[in-house]
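Two complexes are shown next, each including subunit A; its partner changes from subunit B in the first to subunit C in the second.
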Partner chain A sequence: MLSFKIAVKNLIGAGLKTWLNVFVLSLSFVMIIFYNSMIDGWNKQAETDTIAWEIGQGQIWEKDYDPYDPYSLIDAHAVIPPELKNQATKGDVVPILITQASVYPQGRMQNILLKGIPTDQQLLDLPTAELSDEGETTPAIIGRRMSEATKLKQGDRVLLRWRDKNGTFDAQEILITKVFENNVPSIDAGQVWIPLASLQEMTGMTDEATLLVVGDDYQPVADANWEFKSIGFLLADMRAIIETKKGSAAIMYLLLLGIALLAIFDTQVLSIFRRQKEIGTYVALGMTRGQVVKLFTIEGGAHSLFAAALGALYGIPLFIYLNKVGIPMPAGTDSAGLPISSEIIPVYGLGLVVGTILLVVLSATIVSYMPARKIARMKPTEALKGKIQ
Partner chain B sequence: MKTIKHIFILVLLFMGTTAFTYAPITEPTGEEIIEKVDANMSSENRVVESEMIIHGKRRDRTVTSKTWSVGNQQSFSEYLSPAREAGTKMLKVEGKLWIYTPQTDRIIQISGHMLRQSVMGSDMSYEDMMDDRTLLDVYDANRTGEEIIDDRKCYVVELLAKVDDIAYHSQKLWVDAERFVPLRQEMYAKSGQLLKRMTLSNVQQIDERWYPMTMTYKDMLKDGKGTEFRIIKLAFDQDIPPHTFTKAILKK
Partner chain C sequence: MNHASIISIQHMTKRFPVGKGEFTALNDINLEFGEGEFAGLVGPSGSGKTTLLNIIGSLDTPSEGTATVMGQDISTLSHKASALLRNQHIGFIFQSYNLLPVYTVFENVEFALLLQNRSASERKKAVLDALEWVGLTDKMTSKPAMLSGGEGQRVAIARAMVKRPKILLADEPSANLDAQNSHQILKTMKALNRELKTTFIFSTHDEKVMQYLDRIISLEDGKVVSDVEKAAAAL
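Here is the complex of A and B:
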């Protein structure tokens, strides 16, 4: 405790030099918490939105379906087993049929995924009720990204070309009944949603689906043609990508932390060089060399405690504010294909805050200890004289 | 009695003359027209040097190639230019298609869904090249009228699919009534929507047959000028060695 008191007194006595180090270190504190909370917030939001818009409580895939190979869609469809059809009627699962097609907005050809979904489904947030008004023209809904890419708006008609199950071309106009806002590019970019019954009729794939989204009340069905995919499996790739972002963000705040630690290291080296008489006096008054090393280590390490306090002083109000308004994301951030909203609400976990404090305190203590080890090799008599050793 | 005999002979002569005068000129049926087109366009084998001009939005791209083919079953093509495509080879034998690219030094079989991809970025797919069946194998032909195209009298023949596994549900052909060369071909979707149009021109006599030396293939749903094929050199019934249609030739 005595060592700590002396260390704090020495630090405060050093004045501006201490506070400069403390300020830079506090910036590292705030940056680490800011970046990690933002990524955690993004992860949470992305998972919530993906579950709500795309995967529900899991999916059942036709055995040939591969979401990363659109060409596999030619074969990836099968008649829905009766047990699953019953659950689909009750709304516990939602069958989706997917096929490749092309739309021709303004004379340009754009390849798309044409998806059929029951108009009365309630499991996903997709506004499928907008597909229920079937007039002469097949109704279709598209997401904001698809609308921007094709310049199609609500009320527009566009020519759609597709192939039936035998490979025969067919074409007709569809009517865009809704352009929906969402944060999940995987149900939006390059996709057009139409009623499932219409797509089954257009392709000749009666009662068939490519995948089924399941809800909370889904009863497992064993069928060799269909494979259940859990939420963990379906989110694994997205989580991995977001974790990679965390890694790249770490480079930035670790650089800042490195600068702060270098400043503490320099301060320690300078202190030990300039305070040799003081070190000699401590030893002459009865302190062991180990105790002096400890004193100087605590002195360096205490920078991090001051930094934590200073960081908290301006960081906590900032984090509370960001939690309220969110962190705005620049336009086009979601074009990379990951679910991301226009504002991310950061998530501050206890583990994150405690982990950051431990990281900074430990690293500051280590860089303080390294130059202080030199004290153990000093001759007290020489130190008292202030002779350079 | 003699008079009656004369009258009878006169009546017979009159009837015969009338019958001859009013007998309809027998026009060929749709199937006969298509058969004649097939006979004119197909040969035992052929060697073609051609250029394919792919009209893009900003610029055009010309790909030249040389093709050796036997009937509809076997064909081997080697791309000659541009430099990026030069050396690429394609072999079609018994319903299978292989492609060799010098950049990868690998032979890849194009199958399944890959057959629906575009050939060298053109409006044509590998699938279009792969169909060995003649038009009469897969379509019912019906002559529906006559039209003039490029000052040539043409029979208009409508084709309606009689099999399920066919890309175009119906087609319409304008066939030169004298030379039996199609001058225009349109492909339709099941809904009746016009999807593609092929215009054939620059018809020249080669040996004893007439052949269109320029073909323009256009996707009618999108803007642009489509893809143009120009035959630079064409020779029928050549002596093509059998090893031309083996996989070994791809890496040579």
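Here is the complex of A and C:
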């Protein structure tokens, strides 16, 4: 406690030099928390949206289904087992049939994934009620990204071509009944949603599905043809990509932190050189060399505590403001295929704040200790003369 | 010698490495200092005065022989033990005062007591007493940069004396002071020596300081060439 008191006194006494170091270090604090909270917010929003729009509480895949291999779709369909069909009737699971197809907006061919989904499902946020109005033309809904890519709008009709289960081509017009806004590219880009019953009939895959999305009340069913995939499994790739983003963002703030730590290191080296007489005086007054090393280490480390306080001073209002208005994302940010909304609400976890404080305090203390070790090798008689080079 | 011995130096030699060879700063020194002495080491620059003070103050160790201070052999003390010895029994006064620049006069004097873990009320009383001895109670909130040379040295005396050490070592205390200030601080130190029975050992070649000393030990090339007590010299 005594060393801390003396260190703080010395730091405050050092004036502008201290405050410059503290300011740069406080920027590191704020940047680290800002970047991580933004990415955590993105992660949370992406997971929430993906669960709400695509994966529910998990999925049951037909055993041949591989979302990364479109050719698997030819075989990846099977009759829904009766136990699952019962649950589907109650709305506890939502069967989805997927097949490859093509649309011809303005005469140009575009390959798509044609997905059939029950029109009365409530489990996913997809506006499938818009598919229930079955006139002569099969209704279809598409997402904003698909609409932008194909220039298709609500009310447009477009030619759809597909192959049935025997490989025979067929074609008909579909009517776009809704273009829905969403943050999940994986249910949007290159996809057209139509009623499940229509797709089953069009492909001759009566009562068949490729996968089933399950809800909270889903009762597990054991069937060799169907495999349950948990939320963790389904989100694993997305989480890995977001972690990678976190890693690349870390380069920026670690660079800033590095500059701040270099400034502290430099200050410490200069300080030990310039304050030799003071060091000698401390020893003459009865401090052990270890106590003097500790004092200088705490002095350097205390920069980080001041920085935390200063960072809190301007960082907390900034974070509260950002939490209210969100961080706007530029248009096209989601074109990489990751779920991202137009604005991200940052998430400030206790772990993030405590972890950041520990990281900065610990690294500032380490860089302060390194030059301070030199004091232990100083001869106090030389230090008192200020002769050490 | 009438005083009970608190410093005993026996056949002490101190050598420093210089290039590939060695320089002998002190050569076979034998000295005793008693409680309450007001003694000075005099001699030209390089005669070994400061080296001897440093060894007595346990800031350095002898190359040969022994230096026993307050019953403790300096050569065998660990860093911690020598720090404790300085903390509890030895005060230092330096030529350039060595005040801590970011502290006020009060805090500079208080510093020595902080290291002794004294209570706040105890520290306050002791600091005020010490500042009164040196006549600086009106400057207690000033920073060292705002003080004159004489005031700075008086703060250094207060800092050295506030813990009531048994031994006070003063290295050229008047070197940066004018005649008036030199006399003033020497009178202060003499009065403290009488009042507190602290042993004062000076390193000096200042005639003004020598006037006040009760014992003058002359060093030359690291050897004691004379050791004269004023009372004996007067006879």
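The definition used in the following text is that the second predicted complex is superposed on the first by the 388 of 389 C-alpha atoms of A that agree within 3 Å, B and C clash if a C-alpha of one lies under 4 Å from a C-alpha of the other, contacts with A are read in each partner's own complex, and residues count from 1 in each chain.
Note that in this section contacts are C-beta pairs under 8 Å (C-beta built on N, C-alpha and C of every residue); 3 or more make two chains touch, one makes a residue touch a chain.
Since this is a predicted model, take the numbers as computed values, not measurements.
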Subunit A as common anchor, with subunit B and subunit C clashing or fitting: fit
Partner chain in contact with A:171 - subunit B first, subunit C second, else both or neither: first
Which superposed partner A:63 touches (first subunit B, second subunit C, both, neither): neither
More subunit A residues in contact - subunit B or subunit C: C
Which superposed partner A:281 touches (first subunit B, second subunit C, both, neither): second
Which superposed partner A:71 touches (first subunit B, second subunit C, both, neither): first
Partner chain in contact with A:9 - subunit B first, subunit C second, else both or neither: second
Superposed arrangement (fit on chain A Cα atoms) - minimum subunit B/subunit C Cα distance in Å: 71
Contacting residues of subunit A [partner subunit B, same complex]: 71-72, 74-75, 102, 104, 107-109, 159, 161, 163-164, 166-172
Residues of subunit C defined as touching subunit A within the complex: 51, 54, 57, 59-60, 79-80, 83-84, 86-88, 92, 94, 96, 98, 100-103, 107, 111-112, 114-117, 159
Complex contacts: residues of subunit B adjacent to subunit A: 112-114, 116, 127, 161, 164-169, 187, 189-191, 193, 195, 219, 221-224
Footprint of subunit C on subunit A - complex, ascending: 2, 5-6, 9-10, 12-14, 277-278, 280-281, 283-291, 379-381, 384
